[in-house]
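One chain, chain A, links the two complexes that follow: it is found with chain B in the first and with chain C in the second.
Moving on, here comes the complex of A and B:
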């Protein structure tokens, strides 16, 4: 019942696009202009006009997407058409060039268009690929409640740390301040997140456990003994709890949360190429048309 | 000590009581106004701070010595207090009445402090809110130098921060408070039961999630024993001692919020000898047209008497004192009623018209004049032209019609509008949709000289709940008409009535079984309200095969051939069925040769659909969706998470087209096999939200949309009653600049962004209920679905459910 952009209404726009491409290709083969095929032939003008209109229409999608009261079709329908007709544009525009490329504003427009299209193809891949991964990663918890669970762990960790020593408290506090989630899109995707800097703690916990094992004393005895020797509570159990909280539970949650943000970022990031380049394309297109008519 | 005997004792200083007392004071009638609380009008006192009190119905004139106009809660209360002072009303605070004894002329009113007040007549205006149940443990009240840490309401959860708070009571109110407080406080929940069985599903699952995550600590099976105050040195203020299955627990805390429910006023009222006509929750004591109960000398006004709006309460307070004083005056709503009857050609007076209705419509003859008045106030008199359609088949309207005079024709054949069954004066129609919550099952046209009363659903339900004869008559007609339309269109009505008399009306709670696989089959069921799931034991699992909404029947195959049930049938939501015996069924089959074939064909079709579901692996989906209320929905939003790119365009679209507040929350809500049910209105067949709406502002449009009308008074009842948590209380934001000026000049917030004016914190802003209206005012239809760029969001109706699962 749910239809993706590719399968929307039996992929009707795919068939439209194929038909459009077919007509263009046949016309290109059949056409015998009195100059080498390029934008200046009659067919070239037709293909050029068509491509330019298509580009304007493709960009109009950004507006339609935000006209929530519009009665003109649905946004899925528009996007489905956007994708397939956008792909058809490659054929139309290429035929329009007559395969004449050079170092000029015309080819610049063409290259920009290719960048937009390639980013679009990648976008479609992202849209179809990441949503499922996101659901799988998230399970039943929302990012909001992940965040709150993490805060709660931090709170508990601080309480335990303060029972161990001031130094430990300080250290845990620092590590909490450092472990940030989010930031810009780029940071989310590329940023390497430092593990909480708690190596010292882990070492300490391990050493204490070893000592206990080596001594092979039963834990109450150890507890009593350490009280006597240090005059305060034994910290190894607390340290174990602390490392379990911060390294076991928290890191797991953080990883889950980061992955969630990462997937979302993957679905957003490509638009940062697609949209600016489509504006650049529009600009280049205007220059292209302008220069053709005034300087050719 | 001989206390004075007052002419009138008024109990409860709500709008009804105050108005009565001040009218008595104004007239110089000896009176006393007894109020349990230290302040007046407890119901209004307990509204949220700064709530805008509305004066619906606006056309109704106010008749009271005390002023009332729409405005802030604080202003309304202070004007009333001034009014009481000015009229020198004899009010006694802290006077909770626990019993009324004696009879007219010599009533003895007992207060909780054992004091006795004597009066000749009593006016009860105690409302329907009831009094909160107290904790009743030592230490609850606090001491002289230490205030009590126990409270029974929570006005603003944001008021408290970093406190240790114990919420007692695992009902909806308690859970909602705990959820609202956690995050910025340490919250404990004390629940007497071992689960939250009384809570709505949404609250239950939200609570369990919090407990699982350790954000709320819950004590199950726990009882409070006592509260021990701590010293000022301690971090917390007190310790609550609990008795739990694991022994005693001592929980330090700063605050205890006890949400133990209210003691409903009904037992108290019955103890005064006042009779309720039925056990139904909606039942209202029967009153004379002078508001007198069956106990002479005791009068009931206000919400308790079924009039839930402030202005109505105040008018009744005035009128009842006049009646007691022997003045005969026409109720304030007389002109409103007259205007309705003026539509009839000979323009009868109100009393003539009411008398005629009682005489001509047997269904309504059992009503008291007061009940009939109330019904007429919200009903419309319709005088349709000959041939005009009153409603059409498949409309979603749910009003109820009585024929005062003339005739209507029911079209029974879609292809031939001339095939009709006539209904004439005194009969009624529209009960099918009223009871099942489904679309109209036939078109109805007016014949000549037709005058009708059209009554809204809520009022009709109230009547069915409080007047037994109305319920019986409608039920019987419902069965006969069901048999007629579904099974035996040619059998004379009298024969069917016999069958109908033998039929049984059964009610099932959600999850209860109608019958079990393998049982011997003796009867079959026509589902008249709600819906059922059909499941089978496959291996170790019970697998849901199909889902059937109201209007269908189940169990027919059992009695038509196979003698054992081949599947288990369970109620998916609260469901009512008509059970017919095998004999009755065979009788029906004898009447019509084609019927057997028709039933067999329908059965085959259903089986093949089931097979589809089984093969396509859609089995879990149906039970999941049914558990999410899709079974009682008429239209529900589903999101396929394998397509959803979390762009929230759906929410933006909704907000943009609906005054800036999105009526759906995409992220919230459960997911199963990548199908996500966001928090969004299901447009229930029997909308729970409509139940206690004082101005009856929630309506169903002809296409099925359940929407909130402009006359919403912002009381929040619907928000509490909706089991899916989809109603919000919101303020209308200021207008935003258009799309183009945002795009070009960056004016104002962009599409889908909230208006910059902070909505929640303007204390004077009028908050009203907002919910999904299925975009009924947009030509294109549901904006959320149409704005989804990936096709992830769609809306389905329950009859598409088997197809959806078997996709």
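Moving on, here comes the complex of A and C:
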């Protein structure tokens, strides 16, 4: 039975984190440090040490999730703890600052931490949101299987097209060449691709263009459609099959595949903020600890 | 031209040549049609797909005859050119053209590199996952990590080791200096040198030393001499233990009660001292102990005066007296009906006699000339009401009287309403006529007697004796003894008090003077009076009065920090 990272083992890490926050907040309220609350009081040092250890442990998740042989808890458990303790870190670190902020490396570390946590919160949203959309999109069919189906359609289309005419064959070849999934970062994210265009056949297809516009289908398909209406009797059935393959089936599969890649990209994209910023945070944390003791 | 065209395939055994022909055509057609020079049967190839143009100088031109195009250098193109040697792909086939190779002008090798065009197409599929794009988490992580390290560690650290570079950094708007390490706002007094971190942070990984502070603050006094007060809490304490910089201006000087109560609440168990244990103004705090003159003023030997004559006496004692040497009833002076004065009836207020010093903090000690003489004239003879005796000097007083009466005796025309005077004294003199020696003798004898009479009267009754506790003293040259006046300069020597801050309060709210008949009365308020308004740090409904509201930490009479 699938279990959400948030409700893992009765949200045990949620309760641990809440307890940790509660203790920290009460300690902060009760503490009277004879100076304004800051990272240099006894409580400040305690909260700072805890926060630093937490950050190192949270980053350790990146290693732990790759240790497939590790018997140190399950990755789901680690992720659940990673999420809740990561949220608790915001409270601990904020209390550690004593609400003293400025233009310095210490506040930089704090800001980087906030960026990492916020991106992480978005990541949790993605992990909870997109898998369902992915299932809705392609059901149990794997992306590889989608790809193989598309290739099979291409092969069939080529055979049929070669039986119709050289021109049609050429069109289909071009269509195969141009039907893209993936590509650059933006193409993956936005799932938009150019459809096969008319190129040298623009003039020939002037008549068909009107139909294309009317039917609002891509240019290759418009060409096919025109061939059905104006074509020879014996090829019209082949052309119908061809359009069914390329319009009815291939485009649907392509859209599914593109949408799938898009969702997968959404689920990964936040990590390109989360991971680099967490390493910048690690550096800022090192400098923060180094500098406060260097200039003690 | 001699051209070889070979169709080959790579098998496990090695290269297998399927078909080979030679031609001398410089223009070679490629396509799926059977009449093509290079015949390619796969459906991924158009009937007339492309044309190869070979020049004698090794220049190879490729042009697509169909809209499908040819795949050269990772791109689909309609035409392209190669020099000497090169390959391009048509459908699932790779066509390698080599100039001057294997004894031919051109050697063309064709190999099917994929099952069909569809598979070929999938091989050159663009990336499908973000991981396969230029985006890289690892690269981003390195960039972020190193950038932060460079800007916030390497640069400031370089400045620490190279002071000239540090100055350049601080002068520059762009170069990051060690101010990026600053943990908080520097207090205002330290701001003018605050940009130079090493003004205070001289040694790496070492807390700011007192040496750095004493560069400016050498004349600050210690709180207690650690040699005398051998307490753990005084050992190893740095200036920075209390003075926490980088918290703005408000917190550089500690004002919290714990600063003092930490030791003073239980001082007696830690060190031998006369000081009482004190923890809080509202709770554990001793009664005030003003500095009072405690000797009997009449028997006190002024010549052997020592400091012990003045002692701090607790107001807790049932009877507290301060020997002033004066006779001064506050109640008489503050009569609401007023007093007779040289300028008529006058109702006195506190400030008629008591003035604050220039700072407004403390009251000035009472001075006769300034505060009393306006009413208490030192005149001694009704014939000369403006003439006054000198104050606080009996010899001068005698001399004044002797001189005055000798003068009037020799001058004549002196009227005395009370006692009949000899005629030679009261008569007016004829101008230019001198007294005979006998007359002079008589007049001066009168003058001496008169001066002595007046002297006795003013000293014992009329003038001096009115305020001072005068006694006859045959031992002294003047014949009387007027005890010196002991007026306190500062009552509370261990605390501070600000009269200006209390000006909204009437004097009598704290000083119960209306009923006082004696100058010995100590009219200072007890701690209870202050506690009406002031409370310790933890009392909520009163003025927050921590220790440093009245006491200073760096006690003025202690040794200098620089001498420690």
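By definition in this document, the second predicted complex is superposed on the first by the 240 of 296 C-alpha atoms of A that agree within 3 Å, B and C clash if a C-alpha of one lies under 4 Å from a C-alpha of the other, contacts with A are read in each partner's own complex, and residues count from 1 in each chain.
The rule is short, and it goes like this: a residue touches a chain if its C-beta (ideal position, glycine included) is under 8 Å from a C-beta of that chain, and two chains touch if they have at least 3 such contacts.
This is a predicted model, so every value here is computed, not measured.
When both complexes are overlaid on chain A, the residue A:68 reaches chain B alone and has no touch with chain C. In the superposition on chain A, A:295 makes contact with chain C only, while chain B stays out of contact range. In the superposition on chain A, A:18 contacts neither chain B nor chain C. In the superposition on chain A, contact is made by A:174 with chain C only, not with chain B.
Touch criterion met: A:8 reaches chain B, while chain C stays clear of it.
Residue contacts after overlaying the shared chain place A:154 against chain C, while chain B stays out of touching range. Once chain A of one complex is fitted onto chain A of the other, the partner contacts of A:36 are limited to chain C, with no touch recorded for chain B. In the superposition on chain A, no contact is made by A:54 with either chain B or chain C.
Touching more residues of chain A than its counterpart among chain B and chain C is C. Contact with chain C, but none with chain B, is seen for A:105 once the two complexes are overlaid on the shared chain. When the two complexes are laid over each other on chain A, chain A has residues 264 in contact with both chain B and chain C.
Within the complex formed with chain A, the residues of chain B that make contact are 183, 209, 213-215, 638, 640-647, 649, 652-653, 656-657, 667-668, 670-671, 674, 739, 743, 751, 778-780, 783, 785-792, 794, 796, 800, 803-804, 807.
By the touch rule above, chain A contacts chain B in their complex via residues 1-5, 8, 63, 65-71, 74-76, 78-79, 126-128, 130-132, 134-135, 140-142, 144-145, 148-149, 152, 264, 267. On the side of chain C, the complex with chain A involves touching residues 43-44, 46-48, 66-69, 76, 116-119, 121-122, 125-131, 133-135, 137-138, 140-149, 152-153, 156, 160, 178-185, 197, 201, 204-208, 244, 247-248, 250-251, 254, 256, 258-259. On chain A, the positions that touch chain C within their shared complex are 32, 34-36, 38-40, 100, 102-106, 108, 143, 147, 151, 154-155, 158-159, 162, 166, 169-171, 173-174, 176-177, 180-185, 187-189, 199-201, 261, 264-265, 268-269, 271-272, 275-280, 282-284, 286-287, 290-296.
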